[in-house]
Amino acid sequence: MYEPIKGLKELPMEEPLSPGHRLCPGCGASIVVRQVLLAAPNDVVVANATGCLEVSTALYPYSAWNRPWIHSAFENAAAVASGIESGFKALARKGEGREHPIIVFGGDGGTYDIGLQALSGAIERGHRFLYVCYDNEAYMNTGIQRSGGTPRYAWTTTTQVGSARLGKVEIKKDLVAIVVAHHVPYAATASASNWKDLMNKVRKALAKDGPTFIHVLAPCTRGWRFDAAKTIRMSKLAVETRFFPLYEVDDGVYRITVPVTYPKPVEEYLKAQGRYSHLLKPEASAELERLKKEVESNYRRLEKLSQFTAQLGTS
Amino acid sequence: MSWKELEEGAVVVGGTSAKYDTKGWRVTRPVIDEAKCTNCLLCWIYCPEPAIVRHEGAKVTVDYEHCKGCGVCESECPVRAVTMVREP
Amino acid sequence: MTEVQKVRPVAMVGDEAVAEAIRQCDVDVVAAYPITPQTIIVERLAELVANGEFSGEFVPVESEHSAMSACLGASATGARVFTATSSQGLALMHEMLYNVAGMRLPIVMAVANRALSAPLVLNADHGDMMGSRDSGWIQVYAENVEEIYDRTIQLFRLSEDPRVMLPSTINFEGFILSHDVERVRPLSDEAVKGFVGRPKFKRKLDPSDPATFGAIATPENYYEFKMQQMEAMETALTVFKDVEAAFEAISGRRYGAVSAYNTDTADYVAVVNGCTSGTMRAAARLLDKEGGRFGLLAVKLYRPFPALEIISHLKGAKAVVVMDRSVSPGAPSGPLAEDVKSALKGARLDIPVISVVYGIGGRDFSVADGRRVFAMAEHAASIGPEPVMYGVKA
């Protein structure tokens, strides 16, 4: 069981992340991390994959982390977390310490692509940790290169827009579906704009005795090309246009936690970002239509899954 | 610093980034109109740094040592109590 | 001073000896991935787990890179950690080896040395460990199964020493030692447990004192962190002696950083690491009976390289033949030969050194081969500096 959050004032005053880190002004990732850690118990231990978050928060001799934190490589955050969990377990059994909740932060780079094996292995072994993928939809830290999480048609430095190509040709992998295929006790999507939904999902996940996963959208002012002040607006638009639906899969039961009954047009989300500017031109109308259909059918799929799995009930 | 003085394995104490000021990053700074502010804490929960400071029994203030002037607080304040003002 | 244990010998293969040492060493976490010829280690550990005889956590990871990553995470909590691998597995975890050493985590690893692909071969050579010799790990080579058992126990104490805090490997030839039945005199559980004690690390992941592991450095300080590692490696040479002394007190057994046969009087000395030390010692003895003056220097501690000790054993030789069980394409000689040559040159000793490469990909090396290699030393003047590829089918 978990303690749901009702209001911001009940959250602790003590900051889990210190300012003075080098993340960009308006960075979506740090907002996500703050919210996740504020929702979590204060004895949480953090494992972090290489990426924007890691590099900017732990530049020797400075560290922004007021929690025990470890980073080693790009593709292994989930494997490192498996080790931490095992270490605590073994030591606790020998009376030399106790177990602590573990949260893993990996970007879309360190999760969708290079880190997928470690994530899959760690989940299959059933280690108890919450993996949070902060998704800024490209390898932002190395200069905005495409990842498996980059949506179709988005501009990145390795999916450029020109006469022969309109940004990324391939799909955005369905990361939650991949995780759910491992039969995890809990997986969800979240957005920093909907802080209560995000925080309650964090608490729900941490209460489960096993591997859990939250996929959070982390808009990137630099890579997506929008003014830094608009980060939360961007997160909100992604949800309100059904581009990034907020749902959870609790023991196999799907539920859209923030239903969007009257979605805003997808164009509103696209036109707010420079990385999609080519899609709003008349010559890209076919691609735009395709994108809109994909957004719509994805939302319908989630609605149907919610209805279907509700009948199955929780295991 | 000599190699003998550095932390073994580069393992550092957490939270030390607060000693590094990022105020030089900003072009505009948020100014909170205390009269309008309802202390809803939305600017605090949406601040990436955090550079919004909560106080027991008082409204939030801005940590101008670290605020990078992103403007998310102004954008999200539901009562328009925050205004981004050009740095002098 | 604890009493030297009187124990009955048992028959074990190399891999089993490792598993037995792990069972006794109060290890907290083992994260390992199976690869021939190390598999018996993990299988034996799984049996121990199933029978409740292993007090730690056994993590069946999904690759060697994840094995070393999980070990890194576990070690950072202050736990005693072990893993094992060979060949491709060692190559796959290569980047993590540097990470672990750089973070000063005292992980112990057994490597059943096996040649690297391509082409794929299952059999022994030292190419796998030589490929990672600059990773910052302490590297020890065993000559026989009992030494594998002894070294595994010693390495926990060596690595975890606060003056060292470096990871270490025990290397032994795949199949030749890993699967070879030999006599081992294991120590009692109490003796081993007393010898290794419990790990007490200064820094760990602990909510009561949050630390940051794995911060990024800059050109202003990276060099200094590496200097710390270099210094710790240097210190390990001394701590190694302390550990061996303490181990001798409970077992009556001591090996040394090097083991010398006849080097004080020999004209021709062979330098070799691993199981072929035994073969070469046998060849030297036979040749000596026939009136020759041959000596053998077995290098057991390879990193840190015990240069001074090695030089002290070679300074009286007319010629030295250094044997390498790995190929180093494009290099002026094999890796061990390079190290020996630099050490001699550093001491201003102008002794002819021949580099001989042997036993590649598990190619057998007999005592007769050993005699032929010693014979080369007698003709050192006529043999060039490039490595002699001994035994290759011309």
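Observations, loosely collected:
The first chain written gets the first letter, and so on, giving A, B and C; residue counts start at 1 in each chain.
Assume contacts are C-beta pairs under 8 Å (C-beta built on N, C-alpha and C of every residue); 3 or more make two chains touch, one makes a residue touch a chain.
Bear in mind the structure is a predicted one, so any value in this text is a computation, not a measurement.
If the chains shown are joined wherever they touch, the resulting network links each chain directly to all the rest. Looking at A-B and A-C side by side, the one with more C-beta contacts is A-C. Separation between the centroids of chain B and chain C, computed from CA atoms only, is 52 Å.
Look at where the CA atoms of chain A average out and do the same for chain B: the two points lie 23 Å apart. Distance between chain centres (mean CA atoms), chain A to chain C: 43 Å. Contacts with at least two other chains are made by residues 103, 210-215, 217, 221 of chain C.
Residue positions 58, 60-63, 65-69 of chain A are each in touch with at least two other chains.
In chain B, the positions touching at least two other chains are 10, 12-15.
Of all residues in chain A, those touching chain C in their complex are 42-45, 47-48, 54-55, 58-63, 65-73, 75-76, 79-91, 93-94, 96-97, 100, 117-118, 120-122, 124-125.
Across the interface of their complex, chain B is touched by residues 8-9, 11, 13, 15, 17-28, 30-31, 34-35, 38, 57-58, 60-69, 192, 195, 221, 227-233 of chain A. Those residues of chain B lying in contact with chain C across their complex are 1-4, 6, 8-15. Within the complex, the chain C residues that touch chain B are 102-105, 165, 202-203, 210-215, 217, 221, 223-225, 227-228, 231. Within the complex formed with chain A, the residues of chain B that make contact are 7, 10, 12-22, 25-26, 40-42, 44-51, 54, 56, 63, 65-66, 68-72, 74-76, 84.
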